[in-house]
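Quick one: this structure, given as structure tokens, is what I'll be asking you about.
Chains here go by letter, A, B, C and D, matching the order in which they are written, and residues are numbered from 1 within each.
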């Protein structure tokens, strides 16, 4: 391994090293503040290393640290740094061990970083599993609450099955393509193209899509999402909703950009059906929810469905649109779950819609953040979500994906209803409860950054738009 | 001979797996699983992957299944422990796995006595695998080690007893 | 000779995968679910090895080793969950964990 | 003066922000000053900009102001910019001036409400969004305004009502308007993808150059946009949401659901008139939609007993006139009617608000009566508004605007006279019938409920000003055969494609005007005969034997009641049912219940059992692999 390769790996090494330091710290003496500081420092050093490097550097044929990987790495680091801040506030009153939470968070981030720079089945699979195995424990982390445990189990079992699907699909693709390099697999798929000679390859590809569909909670692989979102503690749900989805989607996009979909129109059709199903089923289920976290789980199914538009249109414009949308989506996700975190405590999750009644009067700051997040998710202009949806729509219509574009508009129409309902509830004059505890500083900081991003990117998206315009693959 | 052995091992793997996922008793199921793993290991060997064959037995049968077995025993899933201990010695439990294992053993003996080479034209021995593992896949090995850390940390946190019992 | 082997091995792998999937879907006991998942992972490993053998590359075995790592990590977390499951519900029936639903 | 253009939407926005962040701690008076003042200043700025626009027209007929770059994609970029031309200025003037008067009125009307300041915050946000909608120089900004006004409308409808039945109505309204918005967004996306620009003027230029008239693409694009316009402007078949929207406070109905927001569809079509010129078939469809709506809504208005619902149907019907004007290419006429309608409809709603308040929240006009003496100021202003609505000849603004549209209808290529006959004759008759029915039933006869609350100056002044505008507003554009005044046409006409047909009508035009005027008077008379019961202003007339005889003859001798019952009531009932939602409403209800059913079905799958979730994954996988292998 050459020194240039080691240099390029620095962002990953930083997170890994932080993890080891934190582990050593736990071995010597437990101190949650130390672990927390190491975690944040790890993220910060990793982020700095991202900005210090440029160009594209391949590492052993498994990873490529290119602008695309760096951009999504930055999104992951920022999101999980936010989650760490939220978790630090949330777990203040938790009397069991807290240090492992941050270690697992670091491991999860490392998995995400591997995923976004993976160009080989081995790194793809290892990154995904590192992410998932860390998430199993994170979701079930709060040992004093049964629901959290249930969330862990409900994620673990289907995720393990999905892993098996992924591996089997990869094996079939490897068998057909003779290589595990993503680009090589793509080329071979384009060659195999016509059935039935390509049957093994196509079957493998479909199985990989099933596994990715599970991780992204696309319909019909979405059913675990609501229970897991609801059961897990709010900051972890934020991480599940943002980091795991961004990382997996970034990889999905990279994988698909190497495959000529015209060669296998069938896969394009499958993805179209999955996308439309996700948009409609997600919105429909979200309509019925009273629990905010469940509602967000279903709505995220719809959002990932929207992201199939840039995936299917591909190219530089597609990458830019997807990147913008994911940034907007992550910022809004952190904002929304962050507010729930700030309202909840480790003993009691305040995620019922009724908890929000009159929030605007009780906690104006939290309410403002929550409303900004909701409006962004709904795609109301002057928020990041609107710009994102606008990009998606231009890309989709530009590639004549009419059915998908129509489904997107319809689904966002339905979604407006459940998002705005939650906005309206906050202005209800009924005073549900007296003022709760003050928002802790760490969580407040994360929320402030999130709202600045959500609103700022909606009003002035120029810099980000320019930055992502060059995300070539 | 090798071909026959291949099909015997393949059939054994399928049959014992089918039994493993259908048996009502967890201990039985795990015994069948061990037979399936041994058969798979033979398949690996025949496919020209002796290193993988060895690992399959050592890690799967030797570690993972034993861990499962340990948990099954610890939770004492069959409730009446004494009665269970007694039934453990009944032939109805070990006869199935025993027969299957015996068939496998016979096939193995036939294979070894024949001195037949493993697989066909391509044997990727431990050296080749090791070189691949620590040259191009070095980063992968590092990530895999973090995967194990994650598993350990998670298992430690989740498996531990609480300081205060759940309310 | 070996290409034939690897083709048959792929069939065996597919059958094992299907059996594992059947177990996951049909069994309610968490331990069986775990066993079935291990079976599915094994099937994937067999598929990788057969592909590597067919192609004459060590990569298939390398992936198998990675799968082994995953199986170990997954089993450790999974078993910890199983133990907690039993403590929480006094049973191993997955259907008993359904406080969270629509 | 052009430098202050950006202030016009910014002022109400600033008002909104101030109220939202500090409103709760403000004394009521301060909140009112902020809320009313911000819109008042915007109105002042509009007047100043308008004055300099008139005295020294800018180059190209439009003020263009780019604030800052908003989006820059490699293929697409646009700025956050405004473009003010005569059409926009007209809209702006109406929005700010009528908006200011309604705000002033609200400061008294809402004074007892607990969330006084929040109401003003929403209203300010609405004014700001509406201004952005009309001032936008690109489609994205226009859509921002479009969504913004929708949002404010949604919040304000629900301002008072938090009961379940409101939720049902609001949900229906919501579904219906979203159908329109889906169509509109797709239309915008088609335009953007076809021409790779969002700038409206550039887009229209490229469309005129790139699309052949009558070819498929412009037809599809204009149809999709028409869907959006129909939804927002409550035209057939998406009109059902507007009567439900009357659940909100009366000033909201006046500002949003009568004067401004509901005309956004009219604005959209007028703004993109060059596009509609490329799709003549769709433009004819606009006229047909307008005609059908104006007739059916007029019929439905006669069957209503709730004062606000009468006005709601009247609004739907009057916007139908505007669509008719747009459809026959008389864009200036449609915009003129928009302006005049804003004056008198705002007036009618505000007056109705006073009446309802004075009658202790009674909405049924048949339980009211005799308010002529109790509320003289309201009576006279309401009468003026109703006269303008009924287009009483020569003295009212409504007469001149409606006459212009009908003249356009007569000249429309094929079927022009039919359009005129239905829209002109029948429509005018229906309009004057239902508007004076409301006047006679509400203000004449015996007073049944004692007035409980009398309006103060802040409620009366807007009524008086709007009444004056409802009369005087018409005199800036008078048909050439009466007096050659065409200030409005010369101001706004340059924005649109030239109207078809001759400007000079000669004797035909005079004849048509006489017929329409006569019908409008007949409508008033009919309303008088049918609804004027008991004592009132015309008691002396009614005392005469001859009149009594006629009346008795009409009612009993001729069996008029019977005729009335079978010929009218049944027709009205049908029309009312049609409009009240038996068609689209039932469809919306069906969507609602289908939605609930699908939601339940999908929710049933979310059983909480892990195995179910695995089955979902497995089924998906099997379906996908099966499709891959066998298809």
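In this section, contacts are C-beta pairs under 8 Å (C-beta built on N, C-alpha and C of every residue); 3 or more make two chains touch, one makes a residue touch a chain.
Small disclaimer: the values here were computed from a predicted structure and weren't measured.
Between A-D and A-C, more C-beta contact pairs join the chains of A-D. Here the chain at the heart of the shown protein, by mean C-alpha position, is A.
If you average the Cα atoms of subunit B and of subunit D, the two centres end up 75 Å apart.
Separation between the centroids of subunit A and subunit D, computed from CA atoms only, is 43 Å. Once the centre of each chain is set as its mean CA position, subunit A and subunit C turn out to be 26 Å apart. Here the CA centre of subunit A is 35 Å from the CA centre of subunit B.
Contact with two or more other chains is made by residues 6, 20-21, 24, 33, 45, 50, 52, 55, 57, 59-60, 62, 66, 70, 73-74, 77, 81, 84, 88, 94, 97-102 of subunit C.
The set of subunit B residues that touch two or more partner chains comprises 137, 140, 144, 147, 150-151, 154-158, 166.
With touch defined as above, residues shared between interfaces to two or more other chains in subunit A number as follows: 122, 126, 129, 133, 136-137, 140, 143, 146, 152-154, 157, 161, 226-227, 285, 288. The complete set of chain-chain contacts reads A-B, A-C, A-D, B-C, C-D.
Here subunit A touches subunit B in the complex through residues 1, 9, 16, 19, 23, 59-63, 95-97, 100, 103-104, 107, 110-111, 114, 122-123, 126-127, 129-130, 133-134, 136-137, 140-141, 143-144, 146, 152, going by the rule given at the top.
On the side of subunit C, the complex with subunit B involves touching residues 1-3, 5-6, 8-9, 12, 15-16, 19-20, 22-23, 26-27, 29, 31-32, 34-36, 38-39, 42, 45-46, 49-50, 52-53, 55-62, 64-66, 68-77, 79-84, 86, 88, 92. Listing the residues of subunit C that touch subunit A in their complex gives 6, 10, 13, 17, 20-21, 24, 30, 33, 37, 40-41, 43-45, 47-48, 50-52, 54-55, 57, 59-60, 62-63, 66-67, 70, 73-74, 77-78, 81, 84-85, 88, 94, 97-102.
The touching residues of subunit B, counted against subunit A in their complex, run 136-140, 142-144, 146-147, 149-151, 153-158, 160, 162-164, 166-167. Interface residues of subunit B, counted against subunit C in their complex, comprise 2-3, 6-7, 10, 13-14, 17-18, 20-22, 26, 29-30, 33, 36-37, 40, 43-44, 46-49, 51-52, 55-56, 59-60, 63-65, 67-68, 71-72, 74-75, 77, 119-122, 124, 128-129, 131-133, 137, 140, 144, 147-148, 150-152, 154-159, 166.
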